[in-house]
Amino acid sequence: MKTMTYAEAIREAMSEEMRRDENVMFMGEDVGLYGGAFGISVGMFDEFGPKRVKDTPISEAVIAGAAAGAAATGLRPIMEIMFSDFFTISMDALVNQAAKMRYMFGGKAQVPMVCRTPGGSGTGAAAQHSQSLEAWFCHVPGIKVVTPSTPADAYGLLKASIRDNNPVVFIEQKLLYRTSGEVPVDQDDFIIPLGVADVKREGTDVTIVTYGRMVQRALEAAEIAAEKGISVEVVDPRTLQPLDKDTIIKSVEKTGKLIVVVEAAQTGSYAGEIIATITESDAFDFLDAPVQRLCGKDVPIPYNPTLEAAVVPQVDEIVAAIEKAVNRG
Amino acid sequence: MKTMTYAEAIREAMSEEMRRDENVMFMGEDVGLYGGAFGISVGMFDEFGPKRVKDTPISEAVIAGAAAGAAATGLRPIMEIMFSDFFTISMDALVNQAAKMRYMFGGKAQVPMVCRTPGGSGTGAAAQHSQSLEAWFCHVPGIKVVTPSTPADAYGLLKASIRDNNPVVFIEQKLLYRTSGEVPVDQDDFIIPLGVADVKREGTDVTIVTYGRMVQRALEAAEIAAEKGISVEVVDPRTLQPLDKDTIIKSVEKTGKLIVVVEAAQTGSYAGEIIATITESDAFDFLDAPVQRLCGKDVPIPYNPTLEAAVVPQVDEIVAAIEKAVNRG
Amino acid sequence: MSIERETLLEMYLRMNQARAFEEKVKWGFARGMIHGTTHLSIGQEASGVASCMALDQGDKASLSHRGHSAAIGFGVDLNKMMSELLGRANGYCKGKGGSMHIADIENGNLGANGIVGGGFSISVGAALTQQYQETGNVVLCFAGDGATNEGNFHESLNLASIWKLPVIFYIENNLYAMSNPLEKHMNITDIADRAASYGMPGVICDGNDVFDVYQTIQEAAKHCREGKGPVLVESKTYRWDGHSKSDAQAYRTMEERQEWMAKDPILRLRNHIIEEGIKTLEEVDAIDAKAKQDIEEAFEFAWNSPEPDVSTLMEDVYA
Amino acid sequence: MSIERETLLEMYLRMNQARAFEEKVKWGFARGMIHGTTHLSIGQEASGVASCMALDQGDKASLSHRGHSAAIGFGVDLNKMMSELLGRANGYCKGKGGSMHIADIENGNLGANGIVGGGFSISVGAALTQQYQETGNVVLCFAGDGATNEGNFHESLNLASIWKLPVIFYIENNLYAMSNPLEKHMNITDIADRAASYGMPGVICDGNDVFDVYQTIQEAAKHCREGKGPVLVESKTYRWDGHSKSDAQAYRTMEERQEWMAKDPILRLRNHIIEEGIKTLEEVDAIDAKAKQDIEEAFEFAWNSPEPDVSTLMEDVYA
């Protein structure tokens, strides 16, 4: 175990995989000497050189397309899109090419690529640099989607993503980059398989399903609720696609109450998917309170910090939702 | 009233609005002399000339961006993206520019543009020409999303969309283009306001919420169910954003059973949103059977017609879901 | 430039197979035996076949939506290809791809593409692999004149040029992008001029002349293999048929079409072969007949092949 | 070319305001009084101010992420602009936009843009409106050298050229795209050369010389107004500061930076004004002082302005 930041865990995972496998390489805007807009790859250019850590022009379409083409022919590229909002420019390559190549070619292609990108608000970067777009990617068969909430998860999931033979969209969060935690870097091949949820806190009264930076908030809310005698279980799916439905269903069957917390704009967010997963499952019969979701407001992210903070679910709102659920049950 | 096809209704709506308002214009790939890939605009070039019906190069990014720029400065462009799959190339202009300009500029811009595009499978066009991506657009605050299921709806909703002062994504369906129905073209200014659902069939036992070409299937299933003595209500939201939650909630409160049917790939589809809307509303307490959703399978659309047809919900599957709901209740 | 005798005759055979393939596809469509849509390259056979045959073993090609001639030029199992168009289980894509997605990655065919311009960046990536793994191979990237107006063209050529990737951007300029004539979709006449934006060579060849096509691609490939980076090649040609299966072609004149049909690349090569005494008239007729026969057999094979079982629907979404 | 006396002095004032504005912003950032990020155009004031001042009444401008000088050149209420950077309710965007989104559409400022290259297509659309409504106005579209590698650049210039739209694509080539030097992000030296792909004129101006910038834009605007279509203008300049607030600038040398600082566009104009006897040294000093004073007042105004009320959060999503 080693204490490191989320950013360092990502760098470590990439570096280890690049040391292990000659065909893993990394490209993106300003990822070389500069070390990336968020400093994630600082030092990697020195270690791996210009062949394996490549600066690209500001050309998000070809970054993704080239990654797909390279992956289909034998490399295992990791690409970085500087802000997840810029994925709007890479969508054709990702959705119409990378995600579909295998299926539409009759299973005769494989596209092992990882698209790393930071999402989320909270840095005062406003509407075009703060979106949470994971729901889009989850809606595209052929793509896997990963949303780590801790340094250890980021580390183990990124290593698994790099070894996965499919296009993986790996969504990081700007506000998590500097958070730190224990990471089992010394453990031989610490891999967290994609599709396995993590119960971040066990509880019996209410289930909260959440991911990314909202996990921390949910845990804080759970702590406050605990003081009030309410036992909250916090389930972090960690990968949204594939989704570990079993763990979520089991938790809801135990608690009978479900709250989904996501940072993304509510309408069309992945919260709806998680809720539908429950209401169409056997867990439906265990529900004894209306399912609640706490999501980002349906608004572009504003610049002013007070407004910006008001967009996403707050700890006290989560606490209120917990109390509402329990009082109903 | 006049009987016309869905395609004709769209052409008629565009033409009438162009006659009414000098600032409405139309652009897209091959929409001029050729009349559009699906023949929607046949004859419009002759009537309106090259100033108002404009062929563009194969450049989906600038089509959307130019529409946004034109809309922000005084025109009311209608743009066509030949297949909704190609919207992957227009996403930055739509999502980061058109949708956000008003909010991020403090309410001092308005972007009245309509993005017409056909979605859906069923024509043997395979994975890159058959997607149903409406969920993506619904997840972007600032955009409205319309999905007409009949010629009359297409007509009245398109006119409303053209007069709306926001970016509207208007999703047509290839397989509906040739369906026909009565359209009140003779009625002075027949407009269907955005955000108003239509109960396509009244019933008391089960609510089906569906839109686009699945409406017809739901109605067929309802007919079969009626023969078995089950009364099905079919609610077509018609616009997904804004969503007429009241009508859906009222229907579910009446029937106590909800089935959502959509063509799009299940995971991350708008079905989840509709379900979440219900389970977080007062209608939750009225539910007496698990909510069901019948969606497209999570797979790229295959070319072979038998496989292709198997991707989307079938009438008999809808009937089975209805029976399951009733038997549970 | 001369092309080796064996190669030339094989080229002639493949061009005839391509023509016969597409005539058969037209026939199948008209009878409802093939569904969906398709884009015929009749008239462009020299451009598609000679370019691919100029490649070396191990080289890759990324094809456009109008990719039948190129696929056949690259080397293909005609049975599997026809089966794919008929949506059969033993097609190249197990019936899941169809005409717009014929691919055979293992053998270097990176796939046709239903997205206009979609192949540009895929090719850049494939070329990156060649450079990274020092294979010495090149990537031949097909696209149409209209495709060069996509942003993906620009980003791809720029990146390939900076990174000196071994990729030939091969633009088949058939004067139209669907219904849109070149002069209405760009303000220049020669697409090769666009190379100037990227500091790479831009050359033009007569796309209806196998010799010019072959030589141009060989030279471009040599440039790539020498590590000098990408080349933009414009191949001037013409499609005889409509854009896709339903197209009244109101956007062009009968005269123009006839002028170009008079430049039939197959006839041109046929005349050459006979005039140069490479083969007699009878021998050439025999090649023509074999090509047709091959296609008849491929259709027969495909027609009698099984459809994919519905149980395969969910297979191969993920690796 | 000469610039009218009044205009020249106003230009000098605005360039000084721009410099002072950004120095103040730097100061505010360092003290945590401004948050988020910002991209300074110090060193590029001639390029931003003189170009906008070459426009006529009613003309439009679309700005890049590095847009402060341009906004001030175009004409701006400094109080509202500073308030926006401080996220205040009376800022141009009611505190919802910040530095990257300063806009004033009503007065022709179509907005700065946080998406590199995002303004290209917006400008094409705005130019379409001018042509359609026969306003006689033009659109000046700002972008950086790096932005010209986005697909949107390509699609936009091509469309503008075919449709002969009145838009000037004004590329401020400051030799770097973030940390990426020009020679590593494109294989050509002059971005103006890219005009050749679209059959439009491509011209270069010295972006640190107000006279050259002013004349070049006026001529380009004339070309547009005569219905001859768009022009690509490359303005060679340099940013003195880092890319954004946190940038160690390891990618460039101190020497290079100093060389360019010696070409200070403000100092150059100042010397001209004095040498030509347009104003005395004292008078020029007074302008400098006024510019600083204006900015101090703007900051004071902004700092004492109210933050937007949380109740406004959901306002203005839809019209």
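Just so it is clear, A, B, C and D label the chains in written order, and each chain counts residues from 1 on its own.
Keep this in mind: contacts are C-beta pairs under 8 Å (C-beta built on N, C-alpha and C of every residue); 3 or more make two chains touch, one makes a residue touch a chain.
Just so we're clear, the structure is a prediction, and the values are computed from it rather than from any experiment.
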Study note, to complete from the structure: Every chain in contact with both subunit A and subunit C is listed here as B, D
Revision key, fill the gap. With centres defined as the mean of Cα atoms, the chain at greatest distance from subunit B is chain D
Practice item. Averaged over CA atoms, how far is the centre of subunit B from the centre of subunit C? Could you give it in whole Å? Key: 37
Exercise for review: Averaged over CA atoms, how far is the centre of subunit C from the centre of subunit D? Could you give it in whole Å?
Suggested key: 46
Exercise for review: Could you put a whole-Å number on the gap between the CA centroids of subunit B and subunit D?
Suggested key: 40
Study note, to complete from the structure: Shared-interface residues of subunit A (touching two or more other chains) are 57, 59, 61-62, 85-86, 89, 92, 96, 103-104, 126-128, 141-142, 298-300, 302-303
Study note, to complete from the structure: In subunit D, the residues touching two or more other chains are 93, 95-97, 101, 113-115, 118, 149-152, 155, 158, 162, 184-186, 317
Review point. If each protein chain is taken as a node and each touching pair as an edge, is the resulting graph a line, ring, star, complete or other?
Key: complete
Point to revise | subunit B-facing residues of subunit D, complex | key: 60, 62, 91-97, 101, 103-106, 110-111, 113-115, 118, 120-130, 132-133, 151-152, 155-156, 158-159, 162-163, 315-319
**Study point:** Footprint of subunit B on subunit A - complex, ascending
**Key:** 61, 85-86, 88-89, 91-92, 94-96, 99-100, 103-104, 126-128, 133, 135-136, 138-142, 241, 243, 264-265, 267-276, 279-281, 284-285, 290-293, 298-300, 302-303
**Study point:** Interfacial residue positions of subunit B with respect to subunit C in the complex
**Key:** 29-30, 32-34, 37, 55, 57-62, 85-86, 89, 123-129, 297-300, 302-307, 310-311
Practice item. Quick one: which bits of subunit C touch subunit D in the complex? Just the residue numbers, please. Key: 149-155, 158, 161-162, 184-188, 193-194, 196-200, 229
Practice item. Give every residue of subunit B touching subunit D within the complex, in rising order. Key: 23, 25, 51, 54, 56-57, 59, 61-62, 64-75, 77, 92-93, 96-97, 101-112, 141-142, 144, 165-166
